[in-house]
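Presented sequentially are two complexes of subunit A, the first with subunit B as partner and the second with subunit C.
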Partner chain A sequence: MGVDLKSQIDTALIALFVKSTKNVLSTMIGVEAKVRKPDLRNDLQPTHDVSGIVGFTGEMTGSVIISFHEETARSLVKSFTMEDYDLKSDDFADAVGEICNMIAGNAKKDFGIDAGISIPNVVIGRDHYVTRLRDVPCVVIPCVTEYGEFSVEVNIKKVSPVAV
Partner chain B sequence: MKILLVDDSKTMRNIWKKVVLGIEGTEAVEAGDGVEGLEAIKEHGPFDLMLVDWNMPNMTGLEMITKVRETDKDTPIIMVTTEAEKPRIIEAIKAGVNNYVIKPFTPDALMEKIDETMKKVNAG
Partner chain C sequence: MGVDLKSQIDTALIALFVKSTKNVLSTMIGVEAKVRKPDLRNDLQPTHDVSGIVGFTGEMTGSVIISFHEETARSLVKSFTMEDYDLKSDDFADAVGEICNMIAGNAKKDFGIDAGISIPNVVIGRDHYVTRLRDVPCVVIPCVTEYGEFSVEVNIKKVSPVAV
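What follows is the complex of A and B.
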């Protein structure tokens, strides 16, 4: 019998990512993000084609993926940077990465534990896969803005501090 | 005023640059990590102000600031970062930052912190 991952969903933790996502988009881009009902993801494929991935370290392990529909990412980046970057350019990936960095970092500040975040990685292209922790749920928070859809995919768990 | 901008994200440096270049007579020099930041100080310094991110490859902002403060106690430094937990802020202040801006921020909020920092420094 498999582990009941749904019962392991930390709703308070998910709420921090919802708050952070709304805060980052409204403050830095001037866009309102509306959030739909979160759901679980069982496969390894992010929802959309442009994924920013931020890993967690310290007392939190795992990662969060902000997965953007291509056109959503293009429009958000244009509004964020005032530049119309090519999707394959380093500048486009940098801007997507910075949005993801702020969403992860802004959520982390309210964890109440000693956690760190990695420098973001950005993957662009259809049908990519991202490995994740199997023993905790991957909670997908669907979001919609005036520029289109994206999702925040949270797959993290708390770990005990290592005694020194 | 000559300002050093240190962040591994070019996007973020461009946002800072738009804010600081709004100050009349300002010149901005950019660096992509702590190592480049120290090199920029050698090559283009002294600066009137430094804006420094925390999480960067090669050398973090905190490591860079610690190095800077070994020889320069005076140049005002503002850390601009997602690291918003109290222990982190205390760590940065101990390392020698003069002010702290948490990402995300509005251009007005960054400008206010720059003004506040320069006023404090100029008041001695």
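What follows is the complex of A and C.
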């Protein structure tokens, strides 16, 4: 707990996620995302209402969690799919997962290392918590759009290649 | 939606998870798990209060979600760690994640194929939903212990190897 995680933040990695988030929102959803200053998240706080979780394997470990307020998620999905899905429908969850997959996948392309990403799991439920790796900085990238705010939480680190 | 997922269930794969779950609970937690008949889960139902999510990559895709009632999770963690952690503590989430990691990792060892698993994410929150891959059977393995019930949901499939 006394580890100085702040000094371990990989700013180049965070920049890839900022770039990817802006690109995906602009090209795939038609929405401009403004990004506020990324910051370290220290504690287990409730996440927003809708979270997409992408796990990393191979030469990266950890996860990226993209978390939306309900109404922001609904509006972004509507802009992305042209459909107004019910929040409890599979189609809504699929669309949120696809947005998260594109953001994580686009950033991963530029890592230059051999990492795998899992198919996103989408969690829906008010005030749920999603836990993180404690020995890796969890960097929150706050994003603002015309439909409201969401956050991209990057909680991954490089590992030495191992046999799987 | 009309796909016959039941015929796609890989019973040998499910058997590996049954075996792994029983082994991990018995050897690592000191608790006997009885397993009821695995069944297909069709719809997006609320999950229990505490869920561990392990994503698969490489030659498998999808995820395994192990989901506990709050009190069952607390009792199992207590038996595993000899500590009675607060449900909102990082230590509690870490212990749940470790139990899920052991169950998924032990099953994966016997797959005989090159799959990666992500570090588990643990979700805490009453009545949250965790979405699944719709084109892959989601097989629920209901488990009963002296501390209550939990479920292991296997929602993974083999994929052709691809460059990552």
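One rule holds in what follows: the second predicted complex is superposed on the first by the 158 of 164 C-alpha atoms of A that agree within 3 Å, B and C clash if a C-alpha of one lies under 4 Å from a C-alpha of the other, contacts with A are read in each partner's own complex, and residues count from 1 in each chain.
Keep this in mind: a residue touches a chain if its C-beta (ideal position, glycine included) is under 8 Å from a C-beta of that chain, and two chains touch if they have at least 3 such contacts.
In this text the structure is predicted, and so the values were computed from the model without any measurement.
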Contacts of A:Ile119 with subunit B and subunit C, given as first, second, both or neither: both
Touched partner set for A:Phe56, first subunit B, second subunit C, both or neither: second
First (subunit B), second (subunit C), both or neither touched by A:Val144: neither
Partner chain(s) touched by A:Glu98 [first = subunit B, second = subunit C, both, neither]: first
Partner chain in contact with A:Leu13 - subunit B first, subunit C second, else both or neither: neither
Superposed model, subunit A: greater residue contact from subunit B or subunit C: C
Touched partner set for A:His128, first subunit B, second subunit C, both or neither: second
On subunit A, positions contacted by subunit B and by subunit C: 90, 94, 97, 114, 117, 119
Contacting residues of subunit A [partner subunit B, same complex]: 23-24, 27-28, 80-81, 90-91, 94-95, 97-98, 101-102, 104-106, 108-109, 114, 117, 119
Residue ranges of subunit B touching subunit A (in the complex, touch as defined): 8-12, 14-15, 55-57, 81-85, 87, 102-106
Complex contact set, residues of subunit C against subunit A: 44, 46, 53-58, 61-63, 65, 88-90, 93-94, 97, 114-119, 121-134, 164
